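Shared chain: chain A. Partners: chain B in the first complex, chain C in the second.
On to the complex of A and B.
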């Protein structure tokens, strides 16, 4: 590691990326992306990426900083629409339906494909209102009792209900970091999405809170399809079934998690997971 | 030499002593090649010498100018005959004024005996002034010279000229900030004391709760009418009415402008529209004033008449509308900042759950930015209450106690203007009333600003 030219070799263009190594197609795909290119103005952030998210599985997207994994994740529920200079090309399907189709409302898409962010971002409202926010705007509950039911079951699914049941009226920002992140997960599942995208959900949390979140992700995959971006390879190994390794905007290798972490095919993947760079 | 010439002389001397100090320090070091042996740089020695030359001399000059007139007068009085020295202060003042006027004119021969004393005094006065001018110049030169000699005599290899310079700079900075603080304090105290004078003539209860405002007092005992009534309630009501109309105009428009510019507008539009709005804030209020008086007020009256309403040609509504327009940039610019200060993650969190842009703004962004927006509105209110030119020109002078926006009302600031324009007796209740109104205005806007700043600060702590 002390020899800088050595690390430079590992990341330099000496090692070519020719298409993706491994299996990108899933038998039972919930979402399926083909030849996706993303541009920020003139700069290409994602180059020709194709991959499937398998139904009721956790797919981990790993790679060094700036490799495009978060950009790719944000394409899946059209969060990149909020950035005016961002342009997405390619075929992105949710249950065989093109999510970039002209007649598709991104607002409805985001109700089906929810997102949990890197930094816990509870709204400046009470715990109850944080969770009830989504169901209210989507009209999922016709009366107070139904809304209560949704809020409580979402908090239960997120493993937070027992900790906050006595103070549902206190502000969500008053919770600890880990609790806030679980509140955000509860908020996301309250609108019953089909897919949950998680952008480094545990990077701002301490190890214990991280362990709780990881356990929760494992439980959630019974009901939801999950894609998670993470910087921690141990986390990817613990929670995911499939792992995709991104490098410089390209998908280098994808496959079963145990295979990627024990027997990577591509040299770049091997260098990354053995911790030689990144 | 006059004081203004002396200032230039002092500056020139300081420049010279800069050069002198530099050379002295090089000499102390033992030549240009050995300058490195000095703890400070030669130019720092030079600057120190210049400061020692200039600052004490300027202080002496300032003190001299302040006390010169009083000292010369007392010297003059001491030379006058006994019977004149025993006059009352006001008579003596008039007498001395005569002498001063005489001294400025050409002093010819005087024959009248009563004038002879004055003539003598005027000559004496001229002589005193001349002597004072010479003495002043001499003292200033002496101060400059001795200060420079003193500091130069202390130059050694290890003399820390830079530290000494910075100490002086620090004191100068402190003195400057002291001037700002003392001026504020002085204004507040003078307003306060004059108000106390006013309240010894008019009871505070009448002032605060009386409903009749008619500040014309009789100048002579035999004058008709004009006993004066100092009930400020109509003024407060007028001020609040106009402020209310202005806020009714400015808050919705300003807030929606802020929402549009911060959330929906394209980058290109924003770069054009924001400076345009700030130009609106830069228009002098007197321009708004005649716009209100000549365009908006007649327009409001015409519209009112066509609807069958009786509108005064100087209505609270017209003044309020124009004031509202003036305040829009305040509200929009500060609210824009408040909305932009809400973390982007909150907005994304809401959008990511399938909320539309307007739902996100209503349920997430505005509640989170609310303290900042409230602060913006309170600052705008205090601005509206203190606004003068627009209401002077557009709202009228009649102190009607009414909440009907179509009638003419008057405000606290307008009355202060009318009370103090023209020839005034400084000790009449009419003039003093302006100070009492000023005090009320000051207290109100101060309270509003304090509350606004508190709210804004609390908001900042939440996200930083």
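On to the complex of A and C.
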């Protein structure tokens, strides 16, 4: 059964979505989005979505393919700015600050809200240079020793240091897929962001590499606020505290992960989680 | 898969393999054909060019008589402007006492090159103690004599102006061991001349280097900057579409049109000096730019978007992404495009004719504002000359041009490899 027919089955039903079910507001919100609409040209990809990312928690975004999870995630650090036809409406706040404000520099925003992509995309440079790139462009280190320190601690936090400590000068593209993804995470951590966005970070990895990444995410939430898009329900259940279920550009249901997976309120959520259609 | 499917696949497999074999054979044949053509071309040029790298010299016993020179023995300053022609001619006559009559004497004098008297002068200036004494000096033979000796054919052949009498004298010298064949270094060290035996490629080669330098300095940064801007920064709207179409059109414009433009705008309107590498370089830049821009855009486009996203996601500015990531990754392709454009420019004649780089220029240009010519134009000029010796010079000049091109390509390949090495 392909994802597409899955979606079709769901929409062919008469289930309607009226607003969001569950609790979208967090007590201690790191980022809060209200009434977000996103358009690609005239096509609306996100419809009136409101949700909070709770501080030092992992929020999972789940939903069928094409429902707008990536689109929503990319709004949070303005990566959508690179797509000319993309238009974002609504209120998006990072610590009370409007991230789409005219006077806000997206470069600064992206230093505070980092992103890890679905496919590992290390630079064609050495492992060291990959991690050092962010600190270098932002001028975070004043000398070589400081830079070394940042690189090593980032690699350690990403759980990669022991595997690569003897070959920091070899190309980052020469690592295995799972190592590359951890390198990308280390690269993001090196800038010391406040929020880390991850778009299916483990989708290209085998179960063991995935487990390593999941463990890593669990540790990272001590210091960072994390939003993760995933297709794996088990993964969402394992790593996240809050789960948001998207459907056709709308946020259908949001709540504690435990509750969403054991006791979903909305029929669509239940159908998706149980793998039942219609 | 059941039996019949397997059988069908096996059947079609045979045909597919046959097609593949056929294609391989055809491809190999065309490569061989191309290689053969190039080999024929190169060997033809090399064979034709070899005579140009040698030159025949004549040993003369020069009698530096003060009376003939018209100077006092003490007056060394005047040595430079003394009458060396008289010394040379008298010395030749002294060696050939049997020649008499004005006509015969004149045809005898013609056998040595025009610059022989300067060789005679330089020999004395170098060691003035020989004044009033005799000294053996090697002088260059005239190009007709040279061609006659090289080709070893009948006299008065087309293009070789040697009479029967002259042929006899030459043979006499030859048998007496007065004639020697030497490497013709002049060919690479001197500029153009009306006398084939004196003509060299240094002037044209230097002109080509200056012109290429101007072209490279202008077209590479401009082309790369334009491509980067169009790909990475420009908003996609009607205006950029319009520019894109025009760049593509520009690449297809016949090169002579750029020459006309150069003449009308760069020389007549802006008043830049005509016949110079500066103007030539500007005109060739116009011609090369579209090639570089198109190639650069293609290779910038080929840089994976994930690299851009990665850098942007870390908070790199557009500028940092473009120059720190996109440009280095696109560089091998950009260099390839540049070398194609430069190679085109290197062989270009037509637009340069329009801006006067076809003039007969003896001096080696010392800068981009000195009047000069370029290799392809020099080849064209020599190919058009009636003297026999220019035939070989033409081929030799083509060889020099090809060598220059090869050196340019090697440099580009080295640079490319350097950029490709970065993982």
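Of note:
To be clear about the criterion, the second predicted complex is superposed on the first by the 265 of 278 C-alpha atoms of A that agree within 3 Å, B and C clash if a C-alpha of one lies under 4 Å from a C-alpha of the other, contacts with A are read in each partner's own complex, and residues count from 1 in each chain.
Definition applied: a residue touches a chain if its C-beta (ideal position, glycine included) is under 8 Å from a C-beta of that chain, and two chains touch if they have at least 3 such contacts.
Just so we're clear, the structure is a prediction, and the values are computed from it rather than from any experiment.
Within the superposed three-chain model, A:174 lies in touch with chain C and out of touch with chain B [touch as defined at top]. Of the two partner chains, both chain B and chain C are touched by A:119. In the superposed model, A:134 makes contact with both chain B and chain C. Contacts of A:79 after superposition on the shared chain: both chain B and chain C are touched. By the touch criterion defined above, A:265 reaches neither chain B nor chain C. In the superposition on chain A, A:110 contacts both chain B and chain C.
In the superposition on chain A, the residues of chain A touched by chain B in one structure and by chain C in the other are 77, 79, 82, 84, 107-111, 114-115, 117, 119, 121-125, 133-134, 137-138, 173, 184, 187-188, 191. Residues 77, 79, 82, 84, 107-112, 114-115, 117-119, 121-125, 133-134, 137-138, 173, 184, 187-188, 191 of chain A touch chain B in their complex. Those residues of chain C that touch chain A in the complex are listed here as 235-236, 304, 306-317, 320, 324-325, 329, 422-423. Across the complex, chain C is touched by residues 77, 79, 82, 84, 107-111, 114-115, 117, 119, 121-126, 133-134, 137-138, 171-174, 184, 187-188, 191 of chain A.
On the chain B side of its complex with chain A, the touching residues are 266-267, 343, 345-346, 348-356, 359, 363-364, 367-368, 462.
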